[in-house]
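Two complexes are shown next, each including chain A; its partner changes from chain B in the first to chain C in the second.
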Partner chain A sequence: MIAAAESLLAAARKGDTRSIARLLTIVENDEPGSADILRALYPETGRARIVGVTGPPGGGKSTLVSRLAAAYRSIYDRVAIVAVDPSSPFTGGAILGDRIRMRDRFLDEGVFIRSMASRGHAGGLARATMRIVNVLDALGTGLVIVETVGVGQEEVAVVRVADTVCLVTVPGLGDDIQAIKAGVLEIADVLVVNKADTPGADDAARDLAQMLSLGHGRTEWKPPILRTSAQDGSGIDELVRAIDAHATWARSSGELEERRAGAAREEVEALLRDALVKRLESRIGSARVSDAVKRVATRELDPYRAVDELLDT
Partner chain B sequence: MKRPIRIVMAKAGLDGHDRGVKVVARALRDAGMEVIYTGVHQTPEQVVETALQEDADAIGLSLLSGAHNYLFPRVAELMKHKGMDDVLLFGGGIIPEDDIEGLRKHGVERIFQPGASLEEITAYVREAVAKRRGQPA
Partner chain C sequence: MIAAAESLLAAARKGDTRSIARLLTIVENDEPGSADILRALYPETGRARIVGVTGPPGGGKSTLVSRLAAAYRSIYDRVAIVAVDPSSPFTGGAILGDRIRMRDRFLDEGVFIRSMASRGHAGGLARATMRIVNVLDALGTGLVIVETVGVGQEEVAVVRVADTVCLVTVPGLGDDIQAIKAGVLEIADVLVVNKADTPGADDAARDLAQMLSLGHGRTEWKPPILRTSAQDGSGIDELVRAIDAHATWARSSGELEERRAGAAREEVEALLRDALVKRLESRIGSARVSDAVKRVATRELDPYRAVDELLDT
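The block that comes next holds the complex of A and B.
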């Protein structure tokens, strides 16, 4: 391991905030030393509880996450929040604004908050979110809350990272509630109707209950439906109990083990894909790829044949 | 992969005028930076702790309240205390010419006054961060 990474790691293990933040940057950007850091920490991962919070934009996820962090601080010495916001598809820049709703936690030394830009990764998380969670886990965080970008219908990556997934919706989305029923609804372990003090909360909860009653779940776990108002904190204690009940069930039923095995498979396969692509790219060379692209664009060659040619030699 | 510039944009103290800081945040985003926006009414402690956890390259403070001669030096002092010598501190707002030299002595590298262009601000952040990272701009 490079010396800089080694001394950072030593300081981070002692709880130095700056060093932890630096390690996360190195790992997020896949900078030199990143693989060494992850390798060194991996044996110590798998201890933290990981709670995912997902749902449509503006549903109150960040406010709810802030409340959850406060509640879990009475159980765990160290709680972390990893909050993902979208990157601009054009410039790559991002406004990371989840912290605005978490200000009450800023000076709690037991809460570490890290904002991440999605950097073009689909699925509601960034490519490096799992790695960031792993680092925080290995450094002694008791519970990590992962907040996704505001999701629509198909952003379900959080289920690969979290032990328990909370889906946060709000009254008045009308047809949008229908719209999230596939995909995102299927991964929910706990359903939350937030802003429950606004009109329509009963309808929203009833719609969700009806939707759940229509299908058979993947497991025998029946996702409870809770009402919260993250703004004033009502319903948060019940939400914590529901999350804990799911975690207990997941541990005893084998679901947790299965999820973590799925996550491990995905991580290995993704790394393998990256490594294979890198290896092939260096063997084929970018000049030959550009040449093939040019011939495909002028219809001199079809794309399938182009790929065969590039791989064959 | 090139590491994007991460920058904390904050409003400190009893100043709720956030139009300007949002315009600048948006411009920095459009220049490809990752901007962590904390919202209004932050204490210097909150701003510095945020920059620390987010491993920010820079802190940009917006101040229109007249409290700059307290808030800027306090942020700079806390940064020093936390060993954040390589993090850029700059700001903007209604800040009289006469106060700028004093703020600079406290470690505020640059103050943008009313009329500064967005191009000027983004170019400055890009160059100043590159210099601190030891890279060519």
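The block that comes next holds the complex of A and C.
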């Protein structure tokens, strides 16, 4: 390992917040030293609990997550929030203002907050999130909450790294929400109707129950439907109990082991792909690849033949 | 090419709708014959115009897209809508009801509608969408509208295949929408405030203008901000003119060429990765890969060392 990474790691292990932040930036962006850091920490991973929270925008998730983190602080010395903000692939620009206010209101020093924009992560957002979680895990975080806004494939991929996934909706989100719920519902282990004190909460809970009854459960776990009001904190204790009940079930049923094996498979396969492409490029040179791309763009060559040509070199 | 694919292709070229649908399913899911079909059609692609429409849920995009398709039918013999519905990676479940009602209200036989769920597309949703667009393009579609719901990285990747990207928002979507707009704004060529007859339309337009003024334009194109009411059709003609103005600019400035070269590069690189992994697996056997994955999951081995071991075989 390069010396800089080594001393950073030592400082981070002692709990130095700035060193932890720098370490996370390195692994998040896959900067030089990233692989060495992850190699060194890997044997110490797999201990932290990981809770995922997702749902459409406007659901009050940030407040809910802050409440959850505060509640888990009575059990764990160190809790972390990894907030993945939806953003463009070009500039990032995670909105932190809300979260800073939250920290002042609910959280203490035992809660580490990390905000990730969705830009430019080598190999995708889900893998970058997993790298961040692994580092926090190895550094002794007891529980990591991974929060994303949105219910697309990318967000689903991000929260799938969690042991337990909470889907947060709110009453009255309008038409399109039906389609969204139907999809993301399948990865949700715990369903939450937040802002449960606003009109339409009963309807929202009933809709969810109906959609659940239509689905074919992948396992024997039946996702409970909870009501919370993150603003005043009601329902948070029940939510913690539901998450813990799922975690207990997941551990005893083999579900947790299966999820973690799935994550390991994805990471190994992705790294394998990267390594193979790098080998090829260093063998045949990037100019040859660029030339093939140019001919594909002008329709002189189809992409399949282009690949055949490159591999036949 | 296998005989079945060949006869399917012949029927599709004659305009047989069921054959086209079957062809699209084959390329969408990368079924056997897919590569052959795309190879055969590739020289005839690159002619259709591609318009992307995206934005947060609840924006009335389906109606707007139907209106756009109807308007473009006065110019093009064949127009297609490829609607990418947000959905889980497990069961699909695209919601078609809305769209069928739309077809009855606005559209004629010259508009081909294809709905894609976001599940299980080998190599990701954006690539599957591009394969679909390529087939429609080669079969003589003059203009293809690619519609997605959502503003995450995946949706952005899907609409980036378009020559012109429209971002559709509506007044009063709440807090989180700020973060979303700031991100996706960068890939938008035309901005639309739909439901412009509802309260808050002025605020929404002003917010967009302000955010645009803060951004650093990647090119000299300044995205116009338009107001539409898809329900009664007002503003649609102006939207068509704005899209056409962008298309003309993109063609003359080299932007279009650059976007298409980018798409070609991504496809070639992705196919290259797939081919390399397949070669490796057939050489070392999938059992060896599974064994390495198992050891990574139990933390006996870190993923980087696992890849080193597999490649050193």
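Just so it is clear, the second predicted complex is superposed on the first by the 275 of 313 C-alpha atoms of A that agree within 3 Å, B and C clash if a C-alpha of one lies under 4 Å from a C-alpha of the other, contacts with A are read in each partner's own complex, and residues count from 1 in each chain.
Here is the rule we go by: a residue touches a chain if its C-beta (ideal position, glycine included) is under 8 Å from a C-beta of that chain, and two chains touch if they have at least 3 such contacts.
In this text, all values refer to a predicted model and were calculated from it rather than measured experimentally.
Visitor: In the overlay, answer first, second, both or neither for which of chain B and chain C A:L24 touches.
Guide: Only chain B; A:L24 stays clear of chain C.
Visitor: More residues of chain A are touched by which chain, chain B or chain C?
Guide: Counting contacted residues of chain A, the larger count belongs to C.
Visitor: Applying the touch criterion given at the start, work out whether A:P199 contacts chain B, chain C, both or neither, answering first, second, both or neither.
Guide: Touch status of A:P199: no partner.
Visitor: Once the complexes are superposed, what residues of chain A are shared between the chain B interface and the chain C interface?
Guide: On chain A, the residues that contact chain B in one structure and chain C in the other are 87-88, 91, 93-95.
Visitor: Along chain A, where are the residues that touch chain B in the complex?
Guide: 17-18, 21-22, 24-25, 29-31, 87-88, 91-97, 99-100, 103, 106-107, 112-115, 117
Visitor: Okay, in this complex, where on chain B does chain A touch?
Guide: 1, 3-4, 6, 25-26, 28-39, 42-43, 45-46, 49-50, 52-55, 82-84
Visitor: Under the stated contact criterion, what part of chain C meets chain A in this complex?
Guide: That would be residues 35, 38-39, 42-43, 45-46, 56-59, 85-91, 93-95, 118, 125, 149-157, 173-180, 182-187, 218, 257, 260-261, 263-265, 267-269, 271-273, 275-277, 279-280, 289, 292-294, 296-297, 299, 302-307, 310-311 of chain C.
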